[in-house]
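Everything on this sheet refers to the single structure shown next.
Order as written gives the chain letters A, B, C and D; numbering starts at 1 within each chain.
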């Protein structure tokens, strides 16, 4: 058994034994019923080997992790022009983003907070229909993860659409500031549906390979994005990927990563590994308690922090 | 000539030729008169070789870069208890920190913004006199840089003390919230003096070796701090080291780094290099224009970003 | 000619001659085309005499002035329970109310800012249809003003509904905080339509009599509201009636009053007069430039400030 | 017994019987020990009659009520130029004023909050010594109250100076923004001492007569200030006199008034009465619980609200 594999097994055993698992997000009704004892992990290493343990093949709602993929697509479509509509700075304040939007006149601080991802969804729409754009997002995810089964969980999407008043407030505010070009309902339709994509840790770790390995597609060959762009997306994940807990995550784990309120985290170790963990219990900042703990252990054990040898 | 040396030479030539150099900080009278055309750089590599160019041996006021060293000392004295008084999150908002202090009831968001560094200075004081503590800071810097000549520029310290009303507001606010244990004047005395330490790029790059090389002292041997603590300080530099431009710096350069309004930047590439640059012209966020540009070029050329291979 | 009449005539002549008239609001397309040179005034005194000058019989969009009337109706329906959903404090900050909403968890600071008036519209709905509720608002206005011709300008309502993204952001935010009980579209429908009521200065001054004269209906006899409630609504108009210019208006004019972005102002002098002025040019705070100036002159000349003999 | 006298007696009896008295301010050590059961009231009517009950002759620390008098003096010295340094708008937000100071670049929102009163103290200094200026303030108070015994409680002043870090933060911030012309310590010396003036309800009600009676000095004859200026100061008291409870106080009581954390409130009914109440227990906004309740009863009983007949 390889060292990675052993680490993955032992960390999984440790996580399953833990009692302090945080609380499952309740504001999306479809997610509220999930058992907080679930834990999954998958690591794809530089040789392409997959190390999967626990519930690593269970589908969960990737939620905000999807923002990394829509950001990738938006940069592909509009390039650096995107940065005229969205910033690159951590949001860094406990009051959520509608306050920031008003202070900064409709420019979300970064593409990984809700307001920023809504602007990114608008950028991807580019005159197409929501259906066409969602097809494009799915095709991208299926391609980078080598898995044609990836799909949107319609029940989760409907559940969010019914209760997503805070996101509707953000979208309307963006529109009021001239930072949405399509109708609010259309943009939110794309946003709620890409957040409702269901994936397993294995699928997600496979999908993250292009970020871990210099923009390349290890199995298909060729480039998904340039190595330069992969670095930049990784930098954004490091500084902004865990909402107002991004600094603490960098401090403890030291990997570019993006969390979602479904309890998943996608993390990349440049040149070494693409990792996905999942456990639905969240901390006060909305990040997976066991997921963060597992990555912290893995980072120390494998010496995978980007901040030191 | 080594590849690093060639890079350093060419980047220096490029920088000296640039016209857009930003504006020298004017709020500290002693700094206001410095020629914006100055540019220096020093790189210490894993073998201990020093690559210095331009004004790399000119002394400048390290200002906020000193916060990295006082943080190191404070962690040595009080350990993780420091994090009860100071956060680890990027400040991330264009309104400076007194607003944040009020929202977060006297807990500065991180140790690298002014309010946080003032709390750190209070933590180092620990009942000693400002003079004793400043002696300790200097001894630390002389040790890590192998240079006994490092000193405080008294004229700069006096200049700051006379005009530092905003820092006095922060210190009084911290004290009102119970987050300063020593008299305001005493803490500010330490703070203004450690910000007024004068160093060259060469000295600074030497001083930063323990952060780049796993906490070790390459020449003296032995550990300055643990490898784990070095990673954590690097993580804080990456997320918080450039004020409200930290996200952009991570995006463009991809190195843990700390800037100062004197125009210096200390950057580390774990396992590879400790780097210092200096050019006094600043951008709107208070970071050296040419210094950032030089590090961006160096990062690309040497492939030194921590975010990709 | 009475003293009031003379004052009204002379002030009108003065206003018409003024050059500095502010700028007409452009964000509601239907209002943008109105001639800034228009000025009207109407005063109804304690004897019921009407003193009208300039464009005092021209219809204009009362906009936010309507909030005083919906507040009156909401208090009639739910009484002091309204104050669990809406505060009584001036908003008092230059950042508009969505920031405040977030800080205060969905409780608008007062019923005369947009967020507060949207919550008031929700309170009036009380399970009825928007059409029924708008009928009720119109019946109330026709009754208090003795004028059966008062109506909603459908073109203005449609114009607001098409562009009112900021209000949609507020309404969605209120709903996200549990402070709207009806669907967002339904509440906004009521809100946009009552803001689009068209009235003349004469009609508005007649409508304001119950506030000036202890809750009584001077011509129909009987009480519209209690004297106590009239005082309280007047207090709210004084502290909150001119957005972030309320303090300045109290300082200069000294009358409880409510302005609208259509350029109208309703002001009351308890026991002495109900006054309406109209001129579409606005100052930076969104209050009528000539309207405020006319009321300031009238206050001094008639000694009508509530703050002194 | 006159109707006012009867009202004063009955309200006093009511107040003394009440159990819910709020909490005495503890942040000024010298005030913390005062018995919350104390209650005093004094009313000076238009005929000059004094109606005093309860502890109406007990001295207490007037604290922020002093800001009304320093504002009067500052307007006498610099006139409307004062409004370039201080606003006229309610502060209206639960976060206290250092946040607002930063948003509005060092211009306090009004002269009755701490930051504004510190700027006013700077305006009165006008190159004189703190001792001379404090003498001037005392002479003014002795004159308007017909009482030569009014003095500063040095123990209270010393107590505030030792603990007033939040005010020191505000003063330093004002100085950093260029809105203080004298040294911070000098301005704070004046501020802490004028807040520490000790007066009884009787003295305070006498002192407030110039505001209630059109700027006139009823006993000395002549004008203290113009009737116009008295109206304007009253307007500021109404909109800004009770911190973030100003709207609620206007709503319930309907009198221009200024509260202090010592538990006193000075209220004026233009043309009718100058009133002072005192009870040291405070509500969450820092205003006297029994003092507000007593004024609310008095306002209803005497029909003294400025917002209705």
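Heads up, the rule we're going with is that a contact is a pair of C-beta atoms (placed from the backbone, for glycine too) under 8 Å apart; a residue touches a chain by one contact, two chains touch by 3 or more.
Predicted model only: the values in this text are computed from it and were never measured.
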Partner chains shared by chain C and chain D (touch criterion as defined above): none
Intersection of contact partners for chain B and chain C: A, D
Same or different residue numbers at the chain A/chain C copy interface, by half rule: same
Reference chain C; chain at largest CA-centroid distance: B
Distance from the mean Cα position of chain B to that of chain A, given in whole angstrom: 32
Separation of chain B from chain D, taking each centre as the mean of its C-alpha atoms, in whole Å: 47
Rounded Å distance, chain A centre to chain D centre (Cα mean): 55
Touching two or more other chains - residue numbers and ranges from chain C: 95, 103
Full enumeration of touching chain pairs: A-B, A-C, B-D, C-D
Contact set on chain C toward chain D in their complex: 87-95, 100, 103-104, 109-110, 213-214, 227-228, 230-232, 234-236, 238-240, 244-248, 250-251, 254, 256, 270-271, 300, 305-309
Contact footprint of chain A on chain C as seen in their complex: 95-96, 98-99, 101-103, 165-166, 168-170, 172-173, 175-176, 184
